[in-house]
Amino acid sequence: MRKLRVGIIGLGRIGRMHARNIKSIIQADLAAISDISEEAVNSVAEELQINQKYYDYREMLNDPSIEAVVICSSTNTHAQIIKEAASAKKHIFCEKPIALTIEEVNDALNSINISGIKFFLGFNRRFDPTFSKMKEEIKSGKIGTPHLAIITSRDPAPPSLDYVKSSGGLFLDMTIHDFDMARFMLNDEPYEIYVSASSLVDPAIGKAGDVDTAAIVITMKSGARVIINNSRKAVYGYDQRVEIFGSEGMIMNQNMPKDFAFLSNPYETQLSNPVYFFIERYKEAYIHEIETFISCVMQDEIPPVGGEDGKISLLMGYAAQKSLTENRPVKFSEVI
Amino acid sequence: MRKLRVGIIGLGRIGRMHARNIKSIIQADLAAISDISEEAVNSVAEELQINQKYYDYREMLNDPSIEAVVICSSTNTHAQIIKEAASAKKHIFCEKPIALTIEEVNDALNSINISGIKFFLGFNRRFDPTFSKMKEEIKSGKIGTPHLAIITSRDPAPPSLDYVKSSGGLFLDMTIHDFDMARFMLNDEPYEIYVSASSLVDPAIGKAGDVDTAAIVITMKSGARVIINNSRKAVYGYDQRVEIFGSEGMIMNQNMPKDFAFLSNPYETQLSNPVYFFIERYKEAYIHEIETFISCVMQDEIPPVGGEDGKISLLMGYAAQKSLTENRPVKFSEVI
Amino acid sequence: MRKLRVGIIGLGRIGRMHARNIKSIIQADLAAISDISEEAVNSVAEELQINQKYYDYREMLNDPSIEAVVICSSTNTHAQIIKEAASAKKHIFCEKPIALTIEEVNDALNSINISGIKFFLGFNRRFDPTFSKMKEEIKSGKIGTPHLAIITSRDPAPPSLDYVKSSGGLFLDMTIHDFDMARFMLNDEPYEIYVSASSLVDPAIGKAGDVDTAAIVITMKSGARVIINNSRKAVYGYDQRVEIFGSEGMIMNQNMPKDFAFLSNPYETQLSNPVYFFIERYKEAYIHEIETFISCVMQDEIPPVGGEDGKISLLMGYAAQKSLTENRPVKFSEVI
Amino acid sequence: MRKLRVGIIGLGRIGRMHARNIKSIIQADLAAISDISEEAVNSVAEELQINQKYYDYREMLNDPSIEAVVICSSTNTHAQIIKEAASAKKHIFCEKPIALTIEEVNDALNSINISGIKFFLGFNRRFDPTFSKMKEEIKSGKIGTPHLAIITSRDPAPPSLDYVKSSGGLFLDMTIHDFDMARFMLNDEPYEIYVSASSLVDPAIGKAGDVDTAAIVITMKSGARVIINNSRKAVYGYDQRVEIFGSEGMIMNQNMPKDFAFLSNPYETQLSNPVYFFIERYKEAYIHEIETFISCVMQDEIPPVGGEDGKISLLMGYAAQKSLTENRPVKFSEVI
């Protein structure tokens, strides 16, 4: 059986997870790994028995036998690596976001277009079994025309202040997934965005110029309204719910619980909280997305989520930021 | 046992329901009924064995033995009847809204203040066992400081166009309950309101100058954000959900199903949809509210929901309408 | 409108509940009440404004204008009152059980047959909206041929020892409802019964010669197996679940919760326990059964649950007792 | 890091699953594989990059560097392989059951005792996150003293008739897991067993001398009653529920759904059926059990489930069979 020879660039938490997932996919051969940390490279190499080890991704890109790369390095390196990998004719899976500025995104997308390689952006939630089923049900008309979408997206705990400062802010770091979810579920594009947000979880986040609690309304081109609510701290765990309400029905999901036990005592019945965070919640989604990437490359198919999706989500984040700053609804056309 | 002598003014669907409920309350004596329709009066009188029948409520108000009245007539008559009942020193339970104009509301509240009678406004949802428990849990600190509220409020089917035209519009007719729910749950007041809304359910509603689908964000004085979503048509039944998310936890409710059966076939597991509409959904709430009214009068206690609540909800509706018209967030202070 | 003139015999907790329910039914006129306690009669008469008051039910039976009686007196009086009421040509609704001995039951049924009046036995659970829907789904073939039934039936707290001693034992007092449920759901008859039971809740119940915890297997004539589990003490509330598993599907119910709120804290998500006991749980069922009784009399239809159902359930209780005593499966034919 | 060198014997569906799981465990080195099918060995070797390949497990046992074996061959070979592996001083993980005759089981356990190796029996359900949490809750007293256990265990579809014929029958093949579950959850031993069972799913199973539908009551030594219901065919998927009811509370589980979406249309709300079968349902359990095995060997700890558990479950199966044949409750002491 032919196996796609894949290299990973960046071996942080998410890079290691992708490494293990690729290792378990029969159609792929995790041939090479790269990270600026020697320790990270060696520990992954030992665990997964990888021979080709790099501390500079450029060397990996120079190996003509590597067909595809998975970019999991820090956000500020994505655009540059995409450009070099595209030049080297490697197919690319890249963690979101492509970049925090639209110029860098355009640059990166340009190099992808020129080289003609496959580019797959890691909007993992699209590949969650629950969300992909919901999308299929909507697409097949089960709820009629969508009128309202309610997206609840809350992290269990805020990241470090350092992370917050370099993250691009709540809208580019966290809500960007919800922006993509809205477009994915509704097959529709944004017309206008309104945000009301502040830092209720931790004043330090506010001092750092960011918000941690947000209520967002997006008027879509079709007239459907999308409501997003975000918090950086849901003490009961990762809260990831989507509800699409339409003319003929409604589809929604419940969170994935840690377990399926119910305990009834004289006072109440207790059930399990949602799983803690994205690694647990989107475990299957991460496997499906990387399988889909590998399959797209091997079957020469267009990736279901690519550069344009990354660009639009970024622009939605800009519009959200502008709405917050100017305290008014902002048309998507204002930020293009 | 002393029983409070109560009269009902208006015997439409909701008036008849109150009549039956009052009849079942030991502390009350449903002594008199009034309606402009002779047929309505006679059918209720026969069903519930009521002797005092009136076709003009003024005659009822003239009977000094009647201690309290329940006003269920059409909205445009509320303010006038309140004034007359207050003058006649009858305690008043009135269906919401008090009136559609702030002048009439002020007039009515004024007459209540002068007469010193009890005034109880029928925001029935506050008396629903699920919502009143949620309020208690929040009040006792179980979820910490509220940060976000998500209120889903969808009717099963739009009312007649005639009703729509005289209703005061979606915000005064339907969302007014959700405005009150936000204040009730959060014990907080509105600072700013933003609305995005249109008529997606039925273009005729749009032609009549109203909307049927709305997404609303209210920034409360505390900084908590309230998100309301409304639709005039949820094909699966009356959707009434409230979720309050705070610094230490979250409380939400599920809809009341028609029954508790689950059927599993080879394709799926089917459960019952929510009950159809407010009469079924708030059956217990309607009993609790009228019991509370009667108890407040007999124990000489201040009603938990009164004229001021009605006025603020109305003003929130005005702000919502202004936001929709001007496509911008509107401060509550702008409409006072 | 013609109304059926009904009298109630016995005004304990269940008698009062029936009185209020009948009072709320438009087709019925609660004309007379009877109890050996003067106080009980007077308090109900005042509350519900009843003029005909009796302290001896025989006087009520002598009133030719009374068309039907509802028997809610203590179990040991049922058979005698049935006989007298049947002689007086009153239609009869009787609380279960008809009697604790088969001779008395046969006597009572005999007098019913001779007089030709309607006899309706109060197996209230058949009229619960959830259980009657389940029955309809099974009847219409939604689960194919039933193979297994799991009936969970647990009280929140054991009755007084005095009650236990005069109750006829767990099988005649409590399980009798489950025996009827099995026949109702499966439309099938018992072939063999096995019981394993003891007193785990309270040793005093054991000393009184009864059991409080039981596991029962009934092999039905069709080959379907029914499993019943009983406890006199479920600390979390009244547990009433039925699950019917068939060749093409399965239908089951969840308990009715006290409310529909969910509270998530950092440790767990809490939901409401089931309602406390039968008065709350079967509130609607009690109304439906008495409505059905009145409708059967007025439309001259055969009651859906009558004397034969009472007799078979009693015999199943006998077989259960015999199985427990002899520690072996007992054929239903052994107790006929 | 030291890694335990493990070999697998038998590469059918369950053997391959164990192979993949062991491959993903950092503490283990899947060093060797063995199967009588050359094709099976080669495909697994290629997929997982295994160098040591055997078509006769005895050769694997001869390799002194192999420290532990995982026996996944057909049931009738288990006892013989256990004896040889024990002689070769390999630690053993063996799929259940050890054997279908008590003599073979005793023989195997004897050889294990003599050699002093670790023996771990694959009662996978004990390692399911939901069931192991339930066990912990019960152990810590959350439900008080157990009084009743309801174990629902239904397969999605019957196995082939050939399999049925060589399986040892429903009680040794399927119910054996439920017998172990009862002992695991209650920390209690069986006193008496009663079975009512027949073939309702497929008459051919009956002709082959087996049953496919069973209702079982086990009276435990403590007095707690365990009720098991089995079916070979639940059209809606693998049904695996356990409910333990005690003096102070109750704990139960719901099935694991395929996904967490809910679709409401005008007629009903649809949710996902349970996952199809044991590979999906016990995915995590299989990983945890093999991790526990490896940890027990490396930390020199006694396996939580071993030979004695296998023997008692087998004897419970014998008692069940005897009860079915003789149509009477059978004391566990009768089959020892």
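By written order: A, B, C and D. Residues from 1 in each chain.
Just so we're on the same page, contacts are C-beta pairs under 8 Å (C-beta built on N, C-alpha and C of every residue); 3 or more make two chains touch, one makes a residue touch a chain.
Small disclaimer: the values here were computed from a predicted structure and weren't measured.
Participant: With a step meaning a move to a chain it touches, how many steps does the shortest path from chain B to chain D take?
Facilitator: Each step joins two touching chains, and the minimum needed here is 1.
Participant: Centre to centre, using CA atoms, which chain is the farthest one from chain C?
Facilitator: A
Participant: Distance from the CA centroid of chain B to that of chain C, rounded to the nearest Å?
Facilitator: 39
Participant: Can you check how far apart chain A and chain B are, centre to centre, with Cα atoms defining each centre and the answer in Å?
Facilitator: Computed value for the inter-centroid distance: 42 Å.
Participant: Using mean CA coordinates as chain centres, what's the gap between chain A and chain C in Å?
Facilitator: 57
Participant: If I count partner chains per residue in chain D, which residues reach a count of at least 2?
Facilitator: Touching at least two other chains: 235-236, 248-250, 264-266.
Participant: Under the stated contact criterion, what part of chain A meets chain C in this complex?
Facilitator: Residues in contact with chain C: 235-236, 264-273.
Participant: In the complex of these two chains, what residues of chain B are touching chain C?
Facilitator: Listed in rising order, the residues of chain B that touch chain C are 1, 20, 24, 26, 46-47, 49, 129-130, 133-134, 137, 142-143, 248-256, 258-266.
Participant: Can you check the complex and tell me which residues of chain C touch chain D?
Facilitator: Going by the criterion above, the answer is residues 145, 147-148, 150, 152, 154, 192, 194, 196-198, 200-201, 213-215, 217, 219, 223-227, 229, 231, 233-236, 239, 245, 247-250, 327-329.
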